[in-house]
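Down below are the structures I want you to see.
One chain, chain A, appears in both complexes that follow, with chain B as partner in the first and chain C in the second.
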Partner chain A sequence: MAVAAALTRPRRRPQPRRRQLSRASLHGVLIAMSLVWLFPLAWAVYEALRSISDTTLNGYLSLPSQGLSIGNFTTAWTQANLPYFYLNTLYIAVPGVIVTLLVASMLAFSISQFNWKFNVLVLMIFTAGNLLPAQVIIIPLYWIYLNTPLPDFVSDNGLLYDQYIGVILIHIVFQTGFATFVLSNYMKTITKEITESALVDGANVLRIWWSIILPLCRPALAAMATLLFTFIYNDFFWALILMKTGDKRPIVSALNNLQGEFFTNYNLLAAGALLAAVPSVLVFIAFQKHFVRGLTLGATKG
Partner chain B sequence: MGNKPPFGPSALDLDLSRRDVLKIMGYSSVAAFLAACSSGTTSGGSTTSTGGTVTVGSNASDPLPKKGMEMVNAAFTKANGGTVVKLNTVDHGTFQDQITSYLQGTPEDVFTWFSGHRMRFFADKGLVSSIDDVWDKVKSNFTDAFATSVKGNDGHFYGIPVDYYPWAVFYRKSVFADKGYKVPTTWDAFKALCVQMQKDGLTPLAMGDKDGWPAQGTFDILNLRLNGYDFHVELLTGKQKFTDPRVANVFSKWAEIAPYYNDGLAGMTWQQAAQLLVQKKAGMYVLGLFVSQQFASASAADLADLDFFAFPDLGTQYDAEKALDAPIDVVMMTKKSPTLSKERGQANAYLQFWSKGSTQLIASTAAPGVIPVANDTDTSGYDALTKKAVEIIKNAKRITQFFDRDSRPDFAGPNGMQSFLLSYLQSPKGNITSLQGKMQQFWDSLPPEA
Partner chain C sequence: MAETTTTGAAPAAAGQKAGAGVLVSRRRRRFSLLTRHDKLILGLMVGIPLAFDLALIWGPTLASVVLSFTNWDGIGSVTAQNFIGVKNYENLFGSYLFFRPALYHNIIWLAFLTLVATPLGIFLAVLLDREIRGTRIYQSIFFIPVVLPLVVVGFIWELQYAPTDGFINNALGLVKSHHIIDWLGNPNINLLAAVVAASWRHVGYVMVLYLAGLKSVDPSLREAAKVDGATERQTFFWVVFPVMAPINVIIVVITTIESLRAFDIAYIINRGKNGLELLSTLITNNSISEASLVGFGSAIAVVLLTISLVPIVTFLVSVNRNPT
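This part shows the complex of A and B:
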């Protein structure tokens, strides 16, 4: 819309015909672009609906000769045990998102609403943490995890390694920087007078954070939650490195179970991949408004 | 979930003072002494225990091999006084990528792996336990070729071979019958057949090298036929140079058949190339027995039409070796498993159980495409393809594992031999001397392996 408005905003009033033309060409481009984006997805759906013997005999660039069926989807669902792995992902994503938001909002609150000496420095450190590629620290991290004892009630092998809590922890660590950056920028738009008058009224800092700032930040929190959920849901790396038990891994790594040692049924794999993508699509649709807002959240200061 | 035993005490081995370490060493040697005194049956140095549990890390993640593994485990539980097998199945690709960190972390007692250099590498690093005691008991059930394949550089034994499969030249019986083709046994007949197929509108040789490794099979067999087993093994372990004129000979022979490959081989997976064979667009394919899975995915009739022959003779003294790639899968014992010290007896029993033909047959029946290796295997139920595979391997005086199992992984991988062979296949008539130079240069640039 904004693009359309910009295109049709010359100083003089344009000729109606020219305007129609530019509209048409705009839509032409948009439709073409959406087709380019939709094509791989549509093709994956198409192949997922075909049987492997059909594509082995006729190739992938052919019309279905054995009809279309959802057989691959049901097989992927049971063979890769998808429901079980969806649950594994939830074990990681839900606590990960909640704790990240709590920690990040506390931090953002204290550095945006109070004047400390090192406000900017702290924020810079957190932001700089975002620039660190996760892969760089993997070897020391692996050994730290392997050598960190945990009590038995949180870890079934007495270590941080190969545990949900370990994976959740590293997600929190890596997402907090970004979330703090975004939330603090958002909180800067809340005038400090609110905090100050709450202080005058006798509320303590935690109370102000929980009862005043968090409710005011609801849109930002919702947007962040959507983003974080997608980030953590799509993560492949941490669970792969920091876990060794196949049955504990989240859904994106479970997709590998559909890939054979030599022979891979790509139609089945396509079906599995589509199924694994469903939750993040659902989250996106449900929180679409927040998601789009999240993209520009904190981009400007109030 | 529910798959891992709680083994809290392992948390203790960190943050220890020197004194703690000494104390623990003292205790554990006492414990080991007590265990040695009290354990069940001891014979020939190998201790096996019944009951209890054993943990197993498995890369058998394909549906059929996974089922085979579970059936074997169930049979073991029954045969070994109810020993509970705790299985951790990790998908094949991940298991392979992670093996180094897996073995250094908290691995299971027993794990599935490959023989060859890939096995010896971890033996040299001290990440796997030698199983000489078990091997002594079961060695009569394996031929010398298999014994060699599980022996480490230090002369100790590290694994039990459980199955293998051969590399050969695959074709469709119906295509050969329709066109009146004969199975070629010499290089000249092989090339003449390629010419004839091309005239008949077929792609003579299928090849899909997108993943880099399939072309290594052709390199292996040409090198084995032209230069012999000893040179091949020495070359792959750095004792011979890639700049050797004998290597140049491999590439110039290869160039004689390279024009007969399908187009676009650098962008095709082996499965896509195998489709050409299934669809009767290509005539032959140098590949492993696993190509049968692509045929099986088409239909049972297509699978029944699949056949193969040994790579033709090249007219050298090494033809008599009839050497070929026949990768062997093994089960091995880890070293750093937190549970191994108390489950060693069960782990020994588990390895011993895998050395039986009856056990290996359970797995290979559940997942066709691999062949049991134990001497006492009941072969009466084999299908025609398997029987032929057994025959071709029996004829081989020397068996290699495959380039990427016989050489160091970083040399065989995408930055090394895989990319060299891909660039060779782009221009087989190009500057081979410079390519050989690059190979040797890359080898020399690699850090010491251990």
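This part shows the complex of A and C:
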């Protein structure tokens, strides 16, 4: 022991300087990587801030000769009628997130606080369903949507197809798998004795779910709400296939058509794409902790 | 060190078992506490979502399998005459020109994410796991692409790749010298261009997951390794990496599933054609957007399903093996 200590001691002495050096090179690597990572985004911002006449004249790889302006953003905003498409997204995302959280928390509550025979099987069915690629089920789903009649007050064409309610429904069903998995893992950490004593006191299960378990799950619910909003906001596929009317589509799915119709040059396209990304970035910045916790709750289970 | 961990774990496991025994008897008692009304409510809480899940996810999955043996065109109902055996699969593996390329493209996508993007994300996580100034800022920067819609990721990279107006060709001087590389139009390279864009996002995703895993590693393990004279590299590969086995499985699963789901970026570039064929785009192009070869498209969906079952089953097994 003593010999080993004596042997290592002289070697250790220069370590502070070496450590400083490696710290510096660590930051060097990270800064370089950060710049590479930010570049595509920064370039899009730069391009969006330049007028098309400027870039046509000088090429894209040039300094701005006419100054920078938010002209492309305002043009994209008004010409492509972006506010309208943001609103379409909200119609889908808000009910989608709320209902998914309610349904998933009920499911997670029943399978984590009580000991049924098929708990594990039910959880597996939901989790596995969430992991399937959407394209595996899209052909029969498309048919179901075209052939399910709905009353007039929820669907203006009498079908599930081409309706907000249809897109909301598939988001709820799909995301419930993920949310249930995460929430049930979270609820497993809540002792069952709480539910038990509430039952002894005569509370019914709905009451226990709403006034005891949900408040205890607030951090997990906040994390899930942030994550689900981003997932639903960012979705392209469901609304692309399950909606036909371009004007009904949420902003991300609408971008593809807007590209051909209104975003006729790269500067405008850059502005439009960035505007479409703003809400997800804002949600991320505002709820960064929740967002990351939501992802890691799913992966590390706590 | 190995000794201390095993002896440390044994009493804990024993304690858990004893605890479980107590719980079971309590559970039995508690079940009698549930009124009929309570049981009905709990049944509905599980039953209604389950019915929707079966109707809109597992039903269609099964239907895809059945339809893959038919030549149905989506009109009218499926009759006995529609069943044509395995002919769709014969066409798929035999004469259909795009199936093999699409399958290879998915494999290349997976290989690139696995061999380039995922290790890079792990590398960044390991760098950021130390106590360094500004680690939050670095994390946010690498994470930004993860929160962007994939479609926006695609557009942002179009601005890099565009033939005469894109950054890359201009920066390389190819526009001036008229040797333009058509990054997204050339079928030999557009897949690579698309997967680079996808990796921009995937790296941050892996980084965040891995970082969370690293934070949960017992610090005494590292100290023990340090005392034993292990270098940082040795500590990572021989101590930290093995105890991260559960999260490693999850990262492999996520990477595989992301590769099988790849759709959005390819679709906005050219609807998944001309070098960007993927299983996912073949399915929608054949059966929904351009043709209505429902049976044939379903056969492709079944191939995608079969491959997807590998990561899905891996995930489920791993989750059940490491209960919380």
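Rule of thumb we're sticking to: the second predicted complex is superposed on the first by the 277 of 302 C-alpha atoms of A that agree within 3 Å, B and C clash if a C-alpha of one lies under 4 Å from a C-alpha of the other, contacts with A are read in each partner's own complex, and residues count from 1 in each chain.
Basically, a residue touches a chain if its C-beta (ideal position, glycine included) is under 8 Å from a C-beta of that chain, and two chains touch if they have at least 3 such contacts.
Please read all numbers here as calculations on a predicted model, not as lab measurements.
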item: Combined model on chain A where chain B meets chain C, clash or fit; value: clash
item: Which superposed partner A:122 touches (first chain B, second chain C, both, neither); value: second
item: Chain B versus chain C as contact partner of A:67, first or second or both or neither; value: neither
item: Which superposed partner A:215 touches (first chain B, second chain C, both, neither); value: neither
item: Larger contact residue set on chain A - chain B or chain C; value: C
item: Which superposed partner A:256 touches (first chain B, second chain C, both, neither); value: both
item: Contacts of A:53 with chain B and chain C, given as first, second, both or neither; value: first
item: Touched partner set for A:142, first chain B, second chain C, both or neither; value: both
item: First, second, both or neither for A:241, with chain B first and chain C second; value: both
item: Touching partner for A:204 - first (chain B), second (chain C), both, neither; value: second
item: Shared chain A surface residues [contacts with chain B and with chain C]; value: 59, 142, 240-241, 253, 256, 259, 266
item: Chain A-facing residues of chain B, complex; value: 1, 3-12, 14-15, 57, 59, 61-63, 65, 88-94, 98, 101-102, 104-107, 270-271, 275, 278-279, 288, 290, 293-294, 297-299, 338
item: Chain A residues touching chain B - in the complex, by the definition given at the top; value: 52-53, 56-59, 79, 142, 146-150, 152, 156-159, 161-162, 240-241, 244-248, 253, 256-257, 259-266
item: Partner chain C, residues of chain A touching it in the complex; value: 8, 23, 26-27, 29-30, 33-34, 37-38, 40-41, 43-44, 47, 55, 59-61, 103-104, 106-107, 109-111, 114-116, 120, 122, 124-129, 131-144, 169-170, 172-174, 176-177, 180, 185, 188-189, 192-193, 195-196, 199-200, 204-206, 209, 230, 233-237, 240-241, 252-253, 255-256, 259, 266, 269-270, 272-274, 276-277, 280-281, 283-284, 288, 291-292, 295-296, 299-302
item: Parts of chain C lying in touch with chain A, wherever the complex brings them together; value: 23, 26-27, 30-31, 33-35, 37-38, 41-42, 45-46, 48-50, 52-61, 63-64, 67, 74, 124, 127-128, 130, 132-134, 138, 140-145, 147-152, 155-160, 162, 165-167, 170-171, 175, 200, 204-205, 208-209, 212-213, 216, 229, 246-247, 250-251, 253-254, 257, 260-261, 263-264, 267-268, 279-280, 283-284, 287-289, 294, 297-298, 301, 304-305, 308, 311-312, 315-316, 319-320, 322, 324
